[in-house]
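What follows are several structures.
After this come two complexes, each holding subunit A, first together with subunit B and then together with subunit C.
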Partner chain A sequence: MKKKLIAMFLATVVTASSVLTGCGQQTESKTATQQDASEGTTKTTSSTASTGERTKITALLKGTESTEQYQVFNYLLSNYCEENGLEYEIELVNDMQDYFTKLQMYINSNTLPDIYGCPNGTLSKACKDIDALVDVGAELKRNGYYDKMNGAIVDFLTDADDGNIYLFPQGLYCEYFMYRTDIFEEAGITEAPATWGEFEAACQKIADIGEIPLVVGGSDAWQLMRYLSFSPWRITGPDFITNYQAGSDKFSSNDSAKYAVNLLHDLGTKGYFEPGFASVDYTSACNLFFGGTGAIFYSGSGQIGLANEMYKEGKLGFFPVPDTEGMENMPTNVPIHAGFAEAFNKATYDDTMQNFFDYMCENFSDACYTQAQIFSPFNEDLPEGLSQLYYDTQPMFSAAETAWTSWDDKLDSEVLTKIVDEQQKLAQGIITPDEFISNCDTFVTK
Partner chain B sequence: MKKNKVTFGTVVKWILIILLVVMQVYPFVYVMFSSFKTLDDFRQLPAYALPSSFYIGNYITVFTKSHMLTYFKNSISVLVGVLIPLLLIALMAGFALSKIKFKGKKFLLNYFLLGLMLPMQVALIPLFTIFNKLGLINTYAAIILPQIAFSLSYSIQLFYSFSKFFPEEILEAAIIDGCNPLGCFFKMVIPMSLNSVITVATMQAVFCWNEYINAYTFTRSTNMKTITLGLNDYVGSMGLTDWGATFAAITVTVLPVFIFYFFSSKKMLAGMSAGAVKG
Partner chain C sequence: MQKAFGKKSIIFLFIFPAFLIYTLFVVVSIIWAGYYSFFDWSGVGSKAFIGLQNYVELIANDKVFKSTVWHTLIYTVINVLIQVFGGLLFAILLSRVKKGRTALQTLYYVPVVISSVAICQIFLKLLSVTPTGVVNQLLSMFNPALKVMEWTSNPNISLYVTAFVEGYKYLGLYMVIFYAALIGVPDELSEAARIDGANHIKEYWYVKVPYIKPVIIANCILVLNGSLRSFEFSYLLTRGGPGNASELMTTYMYKQAFASMKYGYGSSVAIMIVIICLVIGLMFRKITGEGKEE
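Then we have the complex of A and B:
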């Protein structure tokens, strides 16, 4: 009797564990990679059948099913995989910090998927260190798409260390200010501001008629940081932030950086941002502006889908980043970047992935315009049937050769966190511009 | 007839009680009412205002345009997968530690208690590496096993405290009547420990339902997401958030916990106090 009971118990345990494991596996094949200790290389065991042929393409992307990166890759992967009898799996992580944690974990455990979203900066460097990045630039040259790429995008994605391109652009994003035409008219502003002086004067006029001049997602680091980085970018390109990070330049010794610090302090303390801006995130700021609150909002082509209707009705206008008075500004005044960008895992880049890469280049523009409503990074004529905002904004940046320099990608996370804390205090008037400058100059030493 | 005197202390006490109830109930009421608001309501009405009409479109969106049913299925599977082995193992271990005399018993009990001091985050990377090598990533097992392991210390401790007061005479009588140890456990210990089982089950069920970090770390595909991960889908990372659908999704996900807690709270309180006073 006792033996029977023990046998029954063991049988139940074995059955339960195999059912649980089996349920989890579902139709999916096993996961990514396995470390070969003896050779120190990474082998793919997961996405392959017993014959050794690839059966599946895996991707890790930031966002949800409604975000552009997913819409583009889901479209491309589903079509490609259907044509070639493959499966695909896209892992989505919405929150930025969660995404970075997960990507870092995959880097540390050497289990990166075939395709993964990656910003050009410290994380792409970490991927390069473990040899997990395909030389995308070389691949584009091989299939003839390199010369079609927008110059500013090439500039944005070029690796600072070796000048190669390891990341494929998520799209072409240009950023600009959107403004409500009715409020501008009511405030007596006849022309969009071309300098920061005019910008502040316009804000004052809008405040005088009782409207909120600027909507900003102050709790998201990058939104306030844009106001801090516009002026140095127009005057020095990437030089100021690169030199600051290297310890060879300081806020106190760079006039354009000092100008930007004073600008952010002014905008915050003169009450031009919406009340409680420090706790408003970017999504809520979008809700506010496109819901009818505020006169000016720093946005861009990523929000064309939201702006379309208002623009068509003549309620919205746009203008590029203003000039800094008294200094020599570079001609490019529309920040252009490639979004989050995608990397291809070198360890799993076989013939199928190379074939997919070619298919992707061929169909990328179509996916950008028909699925995600973003600009394609390739210089091609805009297809017919898009909303008017596409055709009207394209001339602003079509000839741009200098890319946007994103401070939040270039700074290391420790310095970035400290500057973000300080910029919040600066915008809220808790510290003065001089205090901000002296604090930030201590964060990096040579 | 004696009239109750209203004292200053009574008034303060009632004010405090009402304040506490409002603080506890308002967030849920706010979420529930917000789930019936339209996009225009969110834009035009103040945050505390009632919806202009009881719009059920948000609930329809949740169940038709998202993967909520998949997330529900996964959360329930994980919940069952965690609770059954956890309760069985913890009750067995707690009971054995309190009733069986053997060498190293104290050491074993202290060893189990050590688990309370180990934060889950410490084990994530090693577990990820192990699961990856075993091919368990993106399976229920990868979400279930760590949860069972990390809940064991607390559950064993609770069952140990309860079992100490389990009358040994009943067990002795059963053994004299010819019942074997496993029979005693399943036929007598489990039925008589129902209150403490429900206590542990309720607490661990709430933890398990709200669990995020394991599901986030050890799953890859949408098919394997649990409810807590799935809620993230509703927050647009760089655009408009459908707040109505978000609040509807939150309401749908917290309701099962509320219902479960509502029905088990009485037994749970009984289980919590059992063993507290020697009777």
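Then we have the complex of A and C:
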């Protein structure tokens, strides 16, 4: 009987401890949520002292400690917090998909941090729906920085629904083709291609001398998608993709879109991309090109750090997006965008955060040039001592007013995922251009 | 004390915590996924109830999902062959080795303890086309054309390559289990077989392998389970591509729920995975007679 009692006691203790531990944790988290909800703020428990004053600034950013967004914000936050006796905490999520999942979690639980990286699209709309976005445009007008911002960047970040700006640019990114001057010379190419016809002819000449004409990170959605979107962008600006998403335009009925489909198919099936391109990601593609493989690489100001040495030695040249023959191309031929922009959480945007915002605007250009090696989104004179590539590429975009239209922002996630799968098949020759067009035209219905 | 542990009520009390945790993390999750599957929901914002529409779409119109079911079955068969039968073969060979057995055993077991991410990275480098990886470099010695052989980006073979990598990782685990089972076969049985004139092959075929049949079936169930819900190898090596060539049910579910932001639809895919796994698991138990009282 005694043994039975001991055994029963043991079992009860094990069960009770497990259950109570679970219940205890549940109660704690519930209390925290209730507090948040009642105060109408997020992260208040961790960001404020018992007196109600803010003690910490929190940020959620995409990338690692070596990515530009972290370098800029870590620099700004560390300096600002040191001056003002605050703490700061940056949460980093490297993988894009994991980042989106994390952001979704924060949105659903209404616990967004003070600053968070936010893609312009479905997620920024969801943040707007829960009133978690500060009107950055209004803030820039208040502190006098709105007029200093590059016109194309303003265009890029303007909300399609209400014309406001809710996101702060990560930087100014301009994209262009880089090419190896020695390979061009060897292949007998005297001038950088100005049209896609010349571009393909140059690729053929390079292939003929046994070199890889084009390096592309084919496993990353955006790299192949650029080739698909260049021509419609130069001809229609944002119109084609916006209308396609709305169901009022189709690949089959738009000549510039059809041109782009055929171009991507040609580049892939004629062997201009590096072998196995579909499994090469963008980082590996950068390593390949700057490591000496391939003649042309679509990259841009984000890679100035890597390109600088080759450019200094005269091994590297650059050219903008070529024209589409037989169609009227718009004057802007260098895609300009704001990178992975940041949002400020309206629920926690107090005086301290506003003060930080002003500090950030004041020091943003410095952080861009000295920390992250990217262009500042503000139209200011370039500081001295930068690498020559900055000074030589800046004239290409300094007067640009039309922003790049990122298909990956404009398309809704479902259509984007489907087109990404199809574009890879198209580039590999698994499907024909006609099949691609008819497949893609079914993804969006009016 | 021993008597007390024999009582059903005491056994239940000890099982209860595990049952509770299992229920919370598995059963409740499945129920929630089932609930979400009736909604048109992006994962953020408001949900719209649409009843069985996600399931109708999935079963009637979604060709990609059908292909992922087929891919998953092929993937599972390859994994059973590599992990169970490959593991058994390696265990038999190991049991014949007299010297250096421990070293070999450790070598084969190393991939099991390395994380899947690291294994995938290693294989991506080994099978790389540009720059040329070790595999293509070696193959090009026999045929120069094989230098640009595409492994993970060739839609015709990417599924098999992915299955092979998972099989490779876990082969050592099943080898060790089979080895433990094989050395547990009573010596008298082998001796009797040899006296009856059986050679080594017959000894294994007629005596040792039938003796460890329950272990083989148990391992088959384990591999079946693992392969049907396998995710990381396809996702890390090929992202389900090129196109959807190596897409599995799980990677498709992930893409739908998170990349396409169709959380409701992704949940319906998750429920279909549960159903398919249950059906295949039950069918396997029926075929093998597992679970019946001897």
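Throughout what follows, the second predicted complex is superposed on the first by the 403 of 446 C-alpha atoms of A that agree within 3 Å, B and C clash if a C-alpha of one lies under 4 Å from a C-alpha of the other, contacts with A are read in each partner's own complex, and residues count from 1 in each chain.
Everything that follows uses one rule, which is that a residue touches a chain if its C-beta (ideal position, glycine included) is under 8 Å from a C-beta of that chain, and two chains touch if they have at least 3 such contacts.
Since the structure is predicted, the reported quantities are computational estimates derived from the model, not experimental observations.
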Answer with first, second, both or neither: which of subunit B and subunit C does A:Gly305 touch in the superposed model? first
Which superposed partner A:Tyr146 touches (first subunit B, second subunit C, both, neither): neither
With both complexes superposed on chain A, which partner does A:Gln424 reach: first (subunit B), second (subunit C), both or neither? second
Taking the superposition on A as described, I'd like to know which of subunit B and subunit C A:Gln97 touches: first, second, both or neither. second
Of the partners subunit B and subunit C, which touch A:Asn108 in the superposed model: first, second, both, neither? both
Taking the superposition on A as described, I'd like to know which of subunit B and subunit C A:Trp222 touches: first, second, both or neither. neither
According to the stated criteria, A:Tyr359 is in contact with first (subunit B), second (subunit C), both, or neither; which is it? neither
Which of the two partners, first being subunit B and second being subunit C, lies in contact with A:Glu89: first, second, both, or neither? first
Between subunit B and subunit C, which residues of subunit A are contacted by each of them? 108
Spell out the residues on subunit B that touch subunit A in their complex, using ranges where they run on. 42-43, 77, 81, 85, 124-125, 128-129, 132-133, 135-142, 144, 180, 182, 216-217, 220-224, 232-233, 235-241, 243
Where on subunit C does subunit A make contact in their complex? 1, 3-5, 7, 10, 13-14, 16-17, 20-21, 24, 42-45, 124, 128-131, 148, 150, 152-153, 155, 238-239, 241-244, 255, 258-262
Of all residues in subunit A, which touch subunit C in the complex? 3-4, 6-8, 11-12, 14-15, 18-19, 22, 97, 100-101, 104, 107-108, 122-123, 126, 129, 212, 218-219, 274-280, 288, 293, 412-414, 416-418, 421-422, 424-425, 428, 430
Contact set on subunit A toward subunit B in their complex: 1-2, 5, 16-17, 20-21, 23-26, 28, 30-32, 34, 58, 60, 62-67, 89-96, 98, 102, 105, 108-109, 111, 282-284, 286-287, 290-292, 302-303, 305-306
